[in-house]
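Both complexes shown next keep chain A, but they swap its partner, so chain B is in the first and chain C is in the second.
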Partner chain A sequence: MRTLLLIVISILLLPLVVRPAIASEIWIFAIFGLALNLLLGYTGMLSFGQSTFFGSAAYVAGWLLKHYGINVFAALGVGVGVGALSALLVGYLCVQRSGLYFIMLTFALNQLFYFIAYQWTSVTGGEDGMPGIPRPSVLGLSIQESYWYYAFISLLFLLSLWAMKRIVESPLGKILQAIRENEVRAEAVGYDVPRFKLLAFVIAGAFSGLAGVLYAMLFGIVPLEAIGFVVSGNVVFATLIGGSGSLYGPIIGSFVFIWLSESVSTMWARWPLLLGVAFVIVVLFLRGGVVEAWTRFWTWRSSKQTG
Partner chain B sequence: MNLLLGQILNGIATGMLYALMGLGLSLITGVLNIPNFAHGALFAVGAYLLVSVVGVLGNFWLGLIVAPIGVALLGLVIEWAGVRRLYAAGHDYQLLFTFGLALILNELIIVIWGPVGISHLPPALLRGGVDLGFTFYPKYRLFVMGMAGALVVLTWLFLEKTKYGAIMRAGIENKEMVSLLGIDIQMLFTVAFALGAYLAGIAGALTAPIRGLSPGMGVDMLGIAFVVVALGGLGNLLGAIAAGLLIGVAQAVVAAYWTEASTAVIFAVMAAVLLVRPQGLFGIR
Partner chain C sequence: MALLETDGLTKSFGALTAVNGVSLRIEAGKLHSIIGPNGAGKTTLFNLLTGTFPPTSGTIVFDGKDITGTPAARIAHLGLARSYQRTTVFPAFSLLDNVWVAAFATSRPWKGLLFKNAHEYPQVVERARAALSDVGLLSKAEVPAKQISHGELRQLELAIALAAAPRVLLLDEPAAGLSPDETRKMVALVRALKGRYTIVLIEHKIDIIMSVSDRISVMHFGSLIAEGTPEEIQRNPEVRRAYLGGVAA
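Moving on, here comes the complex of A and B:
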């Protein structure tokens, strides 16, 4: 309850601190992070290809919005559907292998989708991206204005968070955690492990797809990078700095990551260099992420106060 | 028909380079049990180092010797300064570390050599072509085929016929056992990383005169190296060669008829093979 209150307060305060576009991006990326964390944190599957589903959903829904003027709910539905379907295709090939093979396969199939988007210029616009994506109104209310769109995104984020909380606390969520803890034992107890992994993969794909559509409508364009490996890496990074051990970790990670990257990337074209340095520093010195650092800080403080 | 034969030859040349990449990655990933997302960047550094060394010394052959050694040294430093501290840390952090390195190396390439692609001529001795009867074929590509083939054979001889190669293979199979036998496993890891980096570096150096250089070359090759390992299996030499040739030839043949799809086809072929054989070409772990 306290956490929820904290989140609602941050939703309300955030647009006062940063531009609404960045604030919107933070919650979109948080949905994306929630999706990855179902795999990474709850099932123990390290997917390095999440932009496949994010990008595919953005392209398909964006194209339908642009050329057929579908309404906003249809766009969201298409995004979720495309995300889930592409995750089903990719996941089917990936979940049969585990560990390092799994990671490499998610990346390789990400590259497949990337190169299709790169070369299919008549649809995707290739390197130039797919511009001109409209933002239709919601039940007669216009969300053209950035603060209204921010409110719409925040609402969808809360809905996603609620849904994800339900999923991880459901029996399904417990089975996924059992697979994470001990795959062989989960199999021995009688669970069809590959099938549950695939299910988790599809659910994560659906959430990633939702994030992808919201992203396309936020900027009115689907850039080629949306389906590229850097986005896949960024969401892993954001989730890890937030801490993959909790449901809320990716939210904090998204906040830190988007804020930092938006402030730095506008200042220096070579900012991926700094991003790389940040990755290395976090890995070598700050493993466990912000949440763990925070917890450690509090235990340290309270131990000092009592002691 | 002649076009097709020429393309198949091209495919064999690039396929051998892919096999080298997969082999190096396979050594690093197999022995150290880490995902190496910097493997493509090491490839790119090899290519750019070649261009610089040739620029300074004016000799391609010296470049071909020096550049991969430079990459091997870089691999040595990476293992010593970073990877070594992450063996107990889970694949997620290992991945983030090597991915961070890839970003850093990629950006440094842009800073040092510029964002625009560079073309690089083969050495004078290997310019022009030879008449193979059915087609007039570039000498340099024949050289690459032979050179990459020789390197694969040398790696095979090292792994299969030398004592240290046997230890390395044992390390892929069972690390605990190897260290229990009193072998310096840390040393083994360092050697494997440097050797894998060397193979990536020389593949990059050999590629430079064929395809030219661009900062994006590393990432493209990273995905391809993953495909080779996923299809061929970790530590499987024959698997790496078969997978490399398969995707190299598929890519070259498709390029002749449908150029736009020539990169996507590499990954599509992988997906198709995995659909039929989820365990890869030779059914590995």
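Moving on, here comes the complex of A and C:
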């Protein structure tokens, strides 16, 4: 409850601190992070190709928005559907593998999708991206104005967070964590592990797809990078920095990552150095990311007070 | 009638034949032990029975149905549950969640799999608590598994198998690495389970075997060399040579 309040307050205050476009991007990226964390944090699968689903959804929904003028809800539905479907395809090929092979396979298939987007210029615009994506109104209310679109995204983010919370607290969430904890035993007690991994993959793909459509409508363009490995890497990065051990870690990660990349990059071109340092610190000392730093700080404080 | 039966079960890893033509009959409701020196193929036999890998040849029949080659995830649903020689639990989970996961797997229907809260399955929770209570760990239900002692982990290991409400329990050295005191507790535990389940037990500690078993099969270099009641096994000269060896001869 307190966490929810904190999130709502952040949603309200954020546009006062940063431009609405960046504020919007933070919540979009947070949805994307929630998706990745279902795989990374909860199931123990490092997907290094999550932009496949983000990008595919952005392209397909973007194209339909541009050429057929579909409404907002259809666009979101298409995004979620394309995300899930592409994840089903990729996941089917990946979940039988584990460890490094799994990671490399998600990466390789990501590259495959990237080069399809790169080559298929008549649809995707190749390197120039796919511009001119409209932002249709929601039930007669225009969301052209950036603050209105921000409100729309915030609402969808809260909805996604609620849905993801339900999922991780459901039996499925427990089963996925059991797979993370001990795959052999999970199989032995009666779970078809590859099938559950695939299910996790499809759900994560659906959320990634939602993030992809929102991204396309935010900037009115799908750049080729949206389906590239840098975006795949960024979401892993952000999630790890925020903390993959908790539901809220990726949200914090998204905030840190987008805020740094948008604000600091204008002041200092070598800003990724900062991220690199942050990443090294997380890997060496703080496996639980910012969330762990926070809890450690509070236990340290309370132990000082009582002692 | 035998509840679990193997016929000519063989498993080869390249040139090594770990299990060689094993024909076993496990009677319902009995405690059937499998003994043998290290490397005799006992654990490999368990891995075959629980579908970890398929046999090279031979068949496994459970309750009149041929289950040879059935994958591990399906075996649990048929009513065969195992514990591991090397503790195999879910470390970050509380003890209750450890057994909850096993209890849920074999409970049906899975309505609300994706959105119902995991605590909203009273029957599953009840079954999980019963399994913990059976091994005497109910008071630690909320403690994470990584914080309990080795002896308790061995009890948890057993509870996970029990939570599946199996018909046959396959216990792989439940007393592995336990102190004499803990071993006594474990033996009492196994004895209490006797009669409630059909139990197949692998064990090294010969005194345990002799005191709890209804029947004993002796494995040596992948093959069965003897089978009988504890008294028959103790008298069997071939067993004394192969297994009891230096101690009894």
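Keep this in mind: the second predicted complex is superposed on the first by the 284 of 307 C-alpha atoms of A that agree within 3 Å, B and C clash if a C-alpha of one lies under 4 Å from a C-alpha of the other, contacts with A are read in each partner's own complex, and residues count from 1 in each chain.
Throughout what follows, contacts are C-beta pairs under 8 Å (C-beta built on N, C-alpha and C of every residue); 3 or more make two chains touch, one makes a residue touch a chain.
Since the model is a prediction, treat every value here as computed from it, not as a measurement.
Here chain B and chain C are compared by how many residues of chain A each touches, and B touches more.
Shared-chain residue A:R296: touches no atom of chain B or chain C. In the superposition on chain A, A:R166 makes contact with chain C only, while chain B stays out of contact range.
In the superposition on chain A, contact of A:G233 is made with chain B only, not with chain C.
Look at A:R19: by the touch rule set out above, it reaches neither chain B nor chain C. In the overlay built on the shared chain, the residue A:V193 is in contact with chain C alone; chain B does not reach it. In the superposition on chain A, A:A278 makes contact with chain B only, while chain C stays out of contact range.
By the document's definition of touching, of the two partners only chain B reaches A:Y101; chain C does not. In the superposition on chain A, A:Q119 makes contact with chain B only, not with chain C. No residue of chain A contacts both chain B in one complex and chain C in the other. Those residues of chain A that touch chain B in the complex are listed here as 40, 46, 48, 93, 96-97, 99-101, 103-105, 107-112, 115-116, 118-120, 229, 233, 236-237, 240, 244, 270, 272-273, 275-280, 282-284, 287. By the touch criterion stated above, chain A contacts chain C in their complex at residues 166-167, 169-175, 177-178, 181-182, 184-193. If you check the complex, the residues on chain B that touch chain A are 29, 33-35, 37, 82, 85-86, 89, 91-97, 99-104, 106-108, 110-111, 219, 222-223, 226-227, 229-230, 234, 260-261, 263-264, 267-268, 270-271, 274-275, 278-279. Considering their complex, residues 50, 52, 71-77, 81-82, 84, 88-93, 97, 100-102, 104-106, 110, 112-118, 121, 160, 163-164 of chain C touch chain A.
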